[in-house]
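The structures come next, written out as structure tokens.
In the two assemblies presented below, subunit A is common to both, partnered first by subunit B and then by subunit C.
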Partner chain A sequence: MSAAAEGFAAEEVVVRGDSLLRRAWRTLRRDRLAVISFAVIALYVAVTLLGYAGLLPDMQERVGEKYEPPSLSFAKLLGTDIFGRSILYKILAGAKTAMTIGFIVTGISLPIGIGLGALAGYYGGRVDAFVVWLYSVISSVPSILLIVGISYVLEKGITAICIALGVVSWIGLCRLIRGEVIKHRNREYVLAVRLLGAGDVTIIFRHILPNVFHLAIVTASLSILSAIKSEVILTFLGVGIQDGSSWGTMITDATGELVSGIWWPLAGVSGAMFLIMYALNVAGDALRDALDPKLID
Partner chain B sequence: MGAYVIRRLLQMIPIVIGVAALVFVLFTSVGEDPARVALGQHATPEALAELRAEWGLDQPLWKQFLDFLVQIVSFDYGRSFNTGEKLMEKFQQGALVSLSLTVFPFLLGTLTNIAIGLLIAYFRGSWLDRISTALFVGSMSISYLVYIIAFQYLLAYEAGLFPINGYESGWSGLQYLFLPWIIIIVVSAGPDIRIYRTVFLDETKADYVRTAFAKGASESAVIFRHILKNALIPILTHVVISIPFLILGAFLMERFFSIPGVGDIMINAINTGDFPILKGLTVLIAIAYTVFNLVTDLLYAWVDPRVQLS
Partner chain C sequence: MRRTSIDPRTTLGILLGLLGALTVLAGCGGEEPATPGNGKKIFTDARRSAHKSLDPPRQFDGASAEIIMNVYDTLVEYDYLARPYRLAPGLLESMPEKGPDGRSYTFRLKQGVRFHDDDCFEGGVGRELTADDAIYSIKRFADANVNLKSWVLLAGFVTGLDEFREKTRELGKGVDYDTLEVPGLRKLDDYSFEVEFTRENPLALFPFAMTSMAILPREAVEKYGEDFASHPVGTGPFRIKQFSFRGTMILEKNPNYHGTYPSEGAPGDAEAGLLAAAGQRLPFLDEVHMPLIEEPQPAMLKFKKGELDWIGIDKDNFPNMAYQDEEGRFHLKEEFAEKYHHYAAPRLTAEYFSFNLQDPLVGPNRALRQAIAYAVDTPAFIELILNGRALPLQTIVPQPIAGSERDTGFQYYRRDPEMARKKLAEAGYPNGEGLPELVFEYRAATKDARQGFEFIRNELAEVGIRAKASFNTFSAFLKKLESSNFQIASAGWQADYPDAENFFQLVYGPNRTPGPNSSTFSNEEFDALYERTRYMENGPERFALFAEMAQIMKDEVPLLLRFNSIAFGIYQKDVLNMKRHMLIDKPYKFLDKKAEAMPAAEAPAP
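Let's turn to the complex of A and B:
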């Protein structure tokens, strides 16, 4: 004991810790499909940012005759719609809407899920009973009806969708975090820092949450994914985006057009959706493999 | 056990009250005036007042909420704002239609998905595993809407294998259900098989599997006698909790194929702002969900003796 302490004091050895993040980064880099997926996600984010900078081409502009099939000019790469507007430009505008909703919803649901989950798991008792009651109530209401209700209260549009999806989508993460925090709260390391005089806030934020944070990161990629999916369906049902800049509107229009042999609007929008959803799925799986301490030997 | 069931049933009360409050806030006290929605922009104030009185909208809010709670307990949800039909009758008809749409593909899909999940878990790490994983992730990346539109167009409109849409009760109506069934099974395959594969893989790492092999049990004995039985617990949870949503039906499917189920009732109510229907539907499904939650927990204890109900 004393020898070990002496040695420690004398040498000041700094072992470069192989941190979880560094190891995760190495694992991710080796996975080629994951790298491609992150690149695709980055591309969609870039389109979104370009959109907010006002640099995306105007989707309302007529670029040709009505229903021109795809051809080799940039605007007509994916053909034109009934008003001669570029399908590609509409898809880019839809991508901006979808990504915005994906990120805002995740931005709302992640802190709620982590916060309530940590509080419920750590304090137990009445706090826990309240949080469990809250998510039992919300999760027993079919989310589609809850979302419709919320969008009746707020005006239909992007804000209503973001808030509505945010309100329903924190529950899964909250359950996960609560369960993990319950497991951690009586572990020895927590007892040790408590003995050292750490307060609850320090224990939760500095010590417990870093141990369960990988769950939040994995959930985030899946949350963006499901928000995008839901937005399309809500807009299709008429309670979503009203200004036409949504993949859901494009799919609605495409349903009728298919019968007249106009396949390119549906093909274009399905392709664009498939690409980002596949990338988010793969990214979610790759992050889970790379970050879950249980899966790392 | 009996005491546990009673306590759990009592715990349902605050949840149902919470749901009622949520539904009440969303569909009654805020939002548009339903009387105005029903009568249009040019209604006279007298007509509006009369309709509001008929629907009880002139009562104070707390009275309306109490009435709503009484409605919930007595399973009497009044009449539709638009058609005046009794809601419970409408629900019962719709629920039967929705169940005829969803139950069969749910059962068949669940069985085949479990079997395929087990198969893929058995061949884990092989090319079969890798290809099927890529395939299922792909199938999960396509919007539900696109599945329905594409299948309806290709198989019903182009190939003429099925009627494009419609519904009839009785055996002759089966022809209308085949295509929706196929779509439901195809769509559920990706996510379900992935879950079941993970469940089986988690089990293969358990101690009892090592013990079984150590005592000389054959691979098939370990899989069927040990792993399958133990994996039943998480599988059961996943399956039972999906049941209440069968009543709601695959609402997009009902929309596209003109099937008059609960989902179709719901979408019509959304489009016409028929609040009593939306309220009643929400509460009924929420109650079903809480009940099935309880059933899941009881089944849990029944299949897994280690689970202590307390």
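Let's turn to the complex of A and C:
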């Protein structure tokens, strides 16, 4: 009987999922701004992958004199810094750091948020009380303090930032999923599979979650964005990335340089941040429109 | 319509945040401009941080000392104009006279010096200063319940004072000092007393010039108790008119001040107009306004608007306003030179990298330390990171202090990548192969610290040494130093008194951690030389021994010597008598302003 139930469920997911995704794809393709945004994100991802493959130019290399303004050579396209290093190369290294942190943090927070949210919503009672207590406690601590604290314990650096941001950024998603699951758990289709004898795990993961998963996708795209922002801000404040390969570091340096009329480091790094932030925002929005069942018809 | 749901706050917020960080600082403050009103001479000078305590023996920070040195007096003080730095009588008639035993000094107080008028005195009128006040203040300085910070500078100097300190520790707070005699402090009459030192010691008088040894009246301590820290009663050139912790502290002239302007100066002082006021009664200013402005940028904007009279130039403003010529002299750019005067003077500081000799990697490997010393280019660092505002150290002694390389002629390492590679191979790491990443500890997480490290990292990378940095808070940094929990630390030392001994003690064996010898260097030959030179008068004999000590420090590299920074500041053209003195940070009592000039004719020239 359980085998039969599973077969039935699997079939349902395939049919629903397929059509939902296909419909979403059609919607997205029609939106040119969204397509451009996805291309920008893909470009940043490519830079990140190139960085890990060791194919990005060395940001420590001195390519010219100190503080050369932008010129037409590739390395000096965005000018040079105090040591004569290429601003462009530094921005690429910063992009690698930012994207890495964006994805890892989302990778940490998504499973926690979805898992705890689903458990709390489905079981209610003590489980729910515990999860609600947990995220209330965590969110009652000002997150910047918590992050600073964690990064001091774990020694500053990329690992600490990822863990610290991951630990605090699952809360929003958890709340959302919990609410949705509470709505779904007494729906007819859930009652039906339960009558067919499906276990709790099957019900949660094979039946309820696919119906709320579009929320997770949208949240993920925004979570990458907020992780990148947080990394830059933390590094700007001096508790983030220490080796200089961060946009936050570049902004810290630029504050003093701007007084001396050296505008290109700040302009370059602001442009790079603006592009990815804007693209992630537009993409997140487009995904929500495309995936929300209420907006499909 | 869908696009409207894009959250513009996210991107805009970041951009605004960045711009905000730059601009909002300029808008804060809002102090009233210090326009000289009703003919009063008002000098306005920003404080960079808030003071900790105005109770002399309870403080040991720059911000507190700046105020205390203008409200209180010390028995001896530094001569404002003389260079090299030397002591001059403060509350004394003349410098203490050495007795026949070479250890006892007679201190004779000026007569007629009065404390500021205050309610703690009978009738609210300040009474005359006597020898009892001086002895009381010295005892209070030694009280273990009062002075937790600066005692070490007098420890072991005065006969019986260390035992007195131990007694106060046993007896706890509120000891009556009259019941505890100190054999080395003897009152001769109302205006003179004798201090007996434990041995002949040319350094013995320096601590008496520290702000923490300022002379204060017992009545005020007893009346105000804990509040004494914010209710100073001294004999100084100014008294506090408006007390403010984070706002504008206002000092007003003490009309009964006893001090006079020095009548002798260093060569060139007369030409510079610094002796125009010779022999005149101090102070000249009616009020000193000290607003608290922590960030350099708003302070500079205020200075340019004429709301501050004096300011040090920070690194970011320097390239806009000043430059260094080929011979290394500093100048203001023309548009600023028309409006302001400037000075450039070496500080009494030494910056260095301290190698932890307990560390299993850099500790036992002398060749590795030498390789690092050959790899770094300090002059280039000074040029790029400090806008040229420092002198490379050749010995641990900074230039203005007797016994520096000016007297010894000693030369330290110069960058030599070939030698660095050779030494690295000798250390067992040819081309850096097999050498783990070195860790540099910094005492701040600031932009300057990070850029400074990036420079060093590039230099080291060129010879095959990899390095990373850890940027600490100052307290975390000190903890690492005190527990020998570091590999290489970017450390520095500021003179407590202008003598070379104060710098050589940084590598004296018995001063090992938790003392100031953070590298835990211990070398019998060096220690013996140190002990010989410690109590010697300056002269060729002492300097020759200094050169030997410098050679040991160069061979063993417990510290990698770097630079002695230069203070560069500007002040308004109507400020008189300015001569930057590194041990008198705020010499308000000597400063003057030109009498208010007639307002410039507003009509354009015909």
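What we mean here is this: the second predicted complex is superposed on the first by the 279 of 297 C-alpha atoms of A that agree within 3 Å, B and C clash if a C-alpha of one lies under 4 Å from a C-alpha of the other, contacts with A are read in each partner's own complex, and residues count from 1 in each chain.
Here is the rule we go by: a contact is a pair of C-beta atoms (placed from the backbone, for glycine too) under 8 Å apart; a residue touches a chain by one contact, two chains touch by 3 or more.
What you see is a predicted model, and the numbers here were worked out from it, not measured in a lab.
Novice: So in the superposed three-chain picture, is A:144 touching just subunit B, just subunit C, both, or none of them (first/second/both/neither)?
Specialist: In the superposed model, A:144 contacts subunit B only, not subunit C.
Novice: Pick one for A:43: touches subunit B only (first), subunit C only (second), both, or neither.
Specialist: neither
Novice: Where does A:256 make contact in the superposed view: on subunit B (first), on subunit C (second), on both, or on neither?
Specialist: After superposition on chain A, A:256 lies in contact with subunit C alone.
Novice: Tell me the contact category for A:193 with respect to subunit B and subunit C: first, second, both or neither.
Specialist: neither
Novice: After the superposition on A, what does A:66 contact: first (subunit B), second (subunit C), both or neither?
Specialist: It touches subunit C, and subunit B stays clear.
Novice: Who does A:243 touch here: subunit B (first), subunit C (second), both, or neither?
Specialist: second
Novice: Examine A:83 and indicate which partner it touches, taking first as subunit B and second as subunit C; both and neither are also allowed.
Specialist: In the superposition, A:83 touches subunit C alone.
Novice: May I ask you to decide whether A:277 touches subunit B, subunit C, both, or neither, giving the answer as first, second, both or neither?
Specialist: Once the two structures are laid over each other on A, A:277 reaches both partners.
Novice: Now for A:133: first (subunit B), second (subunit C), both, or neither, which partner does it touch?
Specialist: first
Novice: Give me the intersection of subunit A's contacts with subunit B and its contacts with subunit C, in residue numbers.
Specialist: 229, 232-233, 238-239, 251, 255, 258-259, 266, 270, 273-274, 277-278, 281-282, 285
Novice: Which part of subunit B faces subunit A closely enough to touch in the complex?
Specialist: Going through subunit B, the ones touching subunit A are 14-15, 18-19, 22-23, 25-27, 30-32, 137-138, 140-146, 149-150, 153, 157, 245, 248, 251-252, 266-267, 270-271, 273, 278, 281-282, 285-287, 289-290, 293.
Novice: Give the list of subunit A residues in touch with subunit B in this complex.
Specialist: Residues 133-134, 136-142, 144-146, 148-150, 152-153, 229, 232-233, 236-239, 247-248, 251, 254-255, 258-259, 266, 270, 273-274, 277-278, 281-282, 285 of subunit A touch subunit B in their complex.
Novice: In their shared complex, at which residues does subunit A touch subunit C?
Specialist: Against subunit C, subunit A makes touches at 33, 60, 62, 66, 82-83, 155-156, 225-226, 229, 232-233, 238-239, 242-244, 249, 251-253, 255-261, 266, 270, 273-274, 277-278, 281-282, 285, 289.
Novice: Provide the residue numbers of subunit C that touch subunit A in the complex, in ascending order.
Specialist: 2-3, 5-7, 10-11, 14-15, 17-18, 21-22, 297, 315-317, 319-320, 384-385, 445-447, 450-451, 454-455, 457-458, 461, 468-471
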